[in-house]
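Shared chain: chain A. Partners: chain B in the first complex, chain C in the second.
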Partner chain A sequence: MQNEYDVVVIGGGPAGLAAAIKSKELGLNVLLIENREFLGGIPIQCVHPGFGLHYFREDLTGTEFIHRILKKFLDMGIEYHTNAHVTEIIPHSYRHKILKVVTDKGILKLMAKAVIYATGARERHMFEIGITGHRVAGIYTAGEAQTMMDIYGIMPGKEIVIVGSGDVGLIMARRFTLEGAHVKAVIELMPYPGGLTRNIVQCLEDFGIPLYLSHAVTRVEGKKRVEKVIITKVDENLRPVPGTEEELECDTVVLAAGLVPYLKVIEKAGVIIDPATKGPVVNSYLETSVPGIFVAGNALVINDLVDYVVEQGEEAAMGAYEFVRNGGLPALRWRKLVKGRNVRLLVPHYVSDTKDVMIYARVKKPEENVKVRFPEIGKEIRLPFVKPSEMIRIKLRKTDIAKAGDKITMEVVPNE
Partner chain B sequence: MSEVRKFKLTCIICPLGCNIEVIMEGDRIVRVTGCTCPRGEEYAVQEVMAPKRVVMSVVKVKGGMFPTVSVKTDKPVPKELIPEIMKELASVEVEAPVHIGQVIIENILGTGANIVATRPA
Partner chain C sequence: MKVVIVGAGVVGSSIARVLSQYEGLEIHLLEKNADAGMGVSKANTAIIHPGHEDDPDKYPLRAKLCVKGNRLWYQWTKELSIPAKWPGELMVAVEEEDMKVAEHYLELAQRNGVPGVRLVDHDELLQLEPNVNPNAAGALWAPTAGLMSSPMAAPALVENAVENGVRFHPETEVTGIKIEKGEVKGVETNRGFIEADLIINAAGLYADKISAMAGIDYFTIHPRKGEYYVFDDDAEPKVTRIVHQTPTPITKGVYVITEMNNGLMIGPTAQDLPEEAKEDTSTTKEGLEFVWEWAQKLVRELPPRNRVIRTFAGLRPEPPDGRWIIDAYDDPWGFINAAGIRSPGLTSAPAIAHYIVEELIQGKLDIKLTRKSHWNPYRRVFWFKTLPEEKQEELIKQNPAYGRVICMCRTITEGDILDIIGRMKKMGIRTISLDGIKMRSGVMSGTCQGSYCRIRLANIIARETGIPLWKVTQKGEGTEYGIGDIKVLLREEVKENAE
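Up next, the complex of A and B:
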């Protein structure tokens, strides 16, 4: 194993694999580092379909999707290291970063011209969502439960309460039911379900699983193992309403309460974080505020579709290629992307007219019959509906970007 | 005169989730409204006459990298057969190596659908 690379990719999931493949195709000398014992990331434990409709134009399971990408990665003979953990990235000079990596063969010190950070997201835990009570066995995040069931073949419990009705929670409700567990309820804080309507139908209604909207799990009780949870109604400000407590007996609580970009190592390297995405502030090459550190996938922004994650991995690789080839990015003038009406988050944060740019956004609240408008460049797109759970993805042409001054605003407005 | 029945459905073909209404007279469909594409209409008719789903799960593997291999039906199967299919899958154990797309159970419960591996093992 050598010590100097053009690009080191951190994370062997869909974003990292796609970034490494693209880097190699562009002729860069690339190493990929993965901390689990196998490559593939989260899709390797996603046995349900719904993957690849955009990227492969086929409906694949997560496992099938990632194996297509993994096969390409392995066939190209790209160097990689599993069971390896990057503990530190030190910007050594404008053009070089030092990485400290703990591996099963000892601690490595690597030099990279560019780093692509594709570590994915972590799951929100019980203390972040206000669940108090006993610290007993039987409390899992959705990802932990999925790893147990669909990789190791172990059932986490029999009587299940799921917290959160995003697609992850809904899909887990179906998985548990199919495997013979009894899902007593899915509990959702908001007055509307978080996931797609089709998942409400095929994951809950198909099996008669009750969904409690405007409810929170406020307490877990049990001696050694979970015995029951206390659920409480919440008011319009999402605060528990006293006197509305109900008990649900169960042996397992599964938390599907959302994801947060996992940034521990690059935060230490000094990248600036956007409070809306909770991911790094990036330019249109997906470069962070530290030159030569790029980011892609759920570490950048929480995506709905793995197809977008792969696209971002490839984009980051093209950015890294420009950086390595030119010793920096070729952009001349950055325009800030500004959030206008009903836009909650927007990525990337800065764009330039050196290339076309894919932008990813989420709205604050659901609306029907709207226009997405970029007033500074005179671009408008009509949409039948927008909702917070569905990412908006729009391509901005470099010729359009060139028309703008210092900023480009994106706003969602009613379509009159 | 046969009995007129109304079915309200949410389409699961794509993320749009159209609200579809199907009106039946006896066992005959007289009207489908609310869908925005032909695939949706096909789904609605299917859903009312004989609902089908793709089933996915994992089965046990001996000697593989993981103790399980993920599987699915290679086409949708009648919804009411899902619990029985899951029982079948729970009793199966295959030997590694398994390649992706390998048929694990042929023509499961006479549905014409095969159980195929969706991950190597």
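Up next, the complex of A and C:
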């Protein structure tokens, strides 16, 4: 078995598959590694539409979307391992990384010039969002519930309370309803919904599911399985307001309380993490602080759309191509992207004027009639509204980047 | 001679193991839960105490058996492959005047014969524990203190006891005790009558109920709740020692430890609950706040709160006046209590077992027991992740399941899980549950808390036990993973509409 590759892609979801396809198209010798027993990642279990509007200019289900990409991947004959888990990435020299991979065919020791890390995200669980009470059966993360229903065909429960109104929570509210369950409420901590407007309408309003804004589930009660939850109003500092406790009877709690990039292995390799995105600090080639380790998809930043995830996978592959071809990225003058007014997160963290760069950002709070401004390069974009749930995606032209000194600020300001 | 032990917590399991060393006994270990050690034994601080905290005049058994138990665990954890470590314990005097309290415990250490205990000053304290509160005056240092993986203890003990002939009966609840002419004759259970010449009550929180069934009803057991936080295994800073503070009349304070999975753990509270709250292992906002506040006083710095991966609560069985009830009775003859085994119960369990077998059964009841010529003290377990690479390679060749990593946070493979399931079946477990595997392996206890691996684990259990995926349980009946196949509710609806 060959054990030297130009690129090893870790993760067989949309970001990883796109990265592997692009790498192969660029003529790189590539291997993809997937921990589960099948390729495709999370979109396989997403039987709802809303995928591919940007990338394929068609409205597809997640399953359809990923099958198109997967077919291309398989048709190209790209080498891959499923049931394979990377336990370690050791930066061996500037140009090489050693990967230890446990597979059911044996332990692989791989040498890779570049690594693209596309392992996606993990879900936040009840202990991270301060829920107290009984640790009983009937508590699931949304992704786990979705896997149960749409990969393995089993029903988690009947009387459902969903925690979190991000897209995942909203889609699961509809999914449960369509299978005959009773979704009693979606509970949202913030004073505004966490998901896309279209999902609020199509998943909640169309089915008459109540949404409790500025509320938290503080406690789960039950003997063996969930019997009820205690919900509480929260104040502007997101603290529970005493005396506002209410009981909701249910047998199932579904936690859609957000995603966190899952980075155990590259954290050990020394990658620097941005506390805002909880993903790695990257330059515009999507290279992390460890030269030759690239990152894409939800391992980089939590995305709204799989289309962006695929785009990042391809971008990371182009970065890896530059790295492999030149034995490293060229020496460049990097401009730091700086978060200005009402910008909560921003990737990449560094850009240069060698190419156009797609930037992804989220605001801290919703605002109407604003402009997104990059004062150092004199760029302005007007937007009717911004909200934390909808990622802002803007292309910066290399000619614009060239105008900046050592930093480029992005700010969201009222449009006067 | 037939012996029934009621309760397969760490005390009952230890008694089973010690008794299994003797010939001519038919030993039945009864447990109402699906697995051993799912009650009190599972959720505690997991400290193997040195034995200097109990006054031998007030609590003679606690004082004596704790020191002995500490030594025995050193041997038992090795024999049974129960993960353990021996970092030593610092009883920290936060204020100068607390040093007087520390001195009192030094005196107890001398009276109880605890090796190595001594006072350390501020400078040495900081060398022993760099993350301690830098303003602390000093500490009492007890180098024999250890930590173990307490959830693994009872399952390991039972497995070894079964290996040596003990019969394990999970999901078997005692409903009555038969007594004739002042002697015990057996126990009534949900699975029928089991004859017994000796009945040993190690029923934890319910030991008062079992004892009452034998007519010994002078005591009640109250649950005392302890709440904890556990941090992720890479959350810093940690502590190198077991750290707690000099007790006050109001509180014993909380412990700060680095648990066996290498995450910082803080707790517990000590909240007395009403007698009927014997299943209330819920966490509370107030309890957790208390733990945080006290832990902060004890160390220089805690990891950020967003690195907490779990909060949990356990119950301790609190007897009247804190005195363990360990005795054999004349009426009914053959009934033995090991009741109210509150702290240091985990530490003392092996010594309690020896005390019951040697001083009560062979001593007070004057039953002659002969040691078996062959008794296997060992339970050998290995973990894929801890093996050298050549061994790992070899193992995957023999069984490809070892090459499939199921739990990414703790690197637990399907091979490890299949080994556990095999052991569970062999020891007589009827319901292979998710928690049963978690207790034995640490799967689902890492960063993701099962959000990624629980379904994979459930699939393996379903396949290996031949049940539908949704019927796999968290910890026995009533805790099923799902409610049926995906169309179960729609089918019900159609049926209702038709009627």
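Please note the rule applied: the second predicted complex is superposed on the first by the 415 of 416 C-alpha atoms of A that agree within 3 Å, B and C clash if a C-alpha of one lies under 4 Å from a C-alpha of the other, contacts with A are read in each partner's own complex, and residues count from 1 in each chain.
Assume a residue touches a chain if its C-beta (ideal position, glycine included) is under 8 Å from a C-beta of that chain, and two chains touch if they have at least 3 such contacts.
This is a predicted model, so every value here is computed, not measured.
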Chain A superposed: clash or fit between chain B and chain C? fit
Partner chain in contact with A:E179 - chain B first, chain C second, else both or neither: both
So in the superposed three-chain picture, is A:T61 touching just chain B, just chain C, both, or none of them (first/second/both/neither)? first
For the combined three-chain view, what is the angle at the C-alpha centre of chain A formed with the C-alpha centres of chain B and chain C, to the nearest 10°? 110
Contact-wise, after the overlay, does A:R198 reach chain B, chain C, both or neither (first, second, both, neither)? first
A:P242 contacts which: chain B (first), chain C (second), both, neither? neither
Given the superposition on chain A, which partner contacts more residues in chain A: chain B or chain C? C
For A:G153 in the superposed arrangement: first (chain B), second (chain C), both or neither? both
Touching A:G208, do we find chain B (first), chain C (second), both, or neither? neither
Does the superposition put A:E123 against chain B (first), chain C (second), both, or neither? second
Compute the least Cα distance separating chain B from chain C in the superposition and give it as a whole number of Å. 5
Could you tell me which stretches of chain A are touched by chain B in one complex and by chain C in the other? 149, 152-153, 179-180
Once bound in the complex, which stretches of chain B touch chain A? 9-17, 53-58, 60, 65-68, 70-72, 79, 82, 86, 90, 100, 118-120
For the complex, give me every residue of chain A touching chain C. 35, 37, 83, 85, 87, 102-107, 122-123, 125-128, 132-137, 141, 143-144, 147-149, 152-158, 179-181, 218-219, 221, 223-225, 262, 264, 267
Provide the residue numbers of chain A that touch chain B in the complex, in ascending order. 38, 44, 47-49, 61, 63-64, 67, 149-153, 178-180, 196-198, 200-202, 206, 384, 390
Residues of chain C that touch chain A when the two form their complex: 234, 279, 281-285, 288, 306, 308-312, 389, 392-393, 396-397, 400-405, 408-409, 411, 413, 447-452, 454-455, 459, 468-470, 473-475, 477-490, 492-493
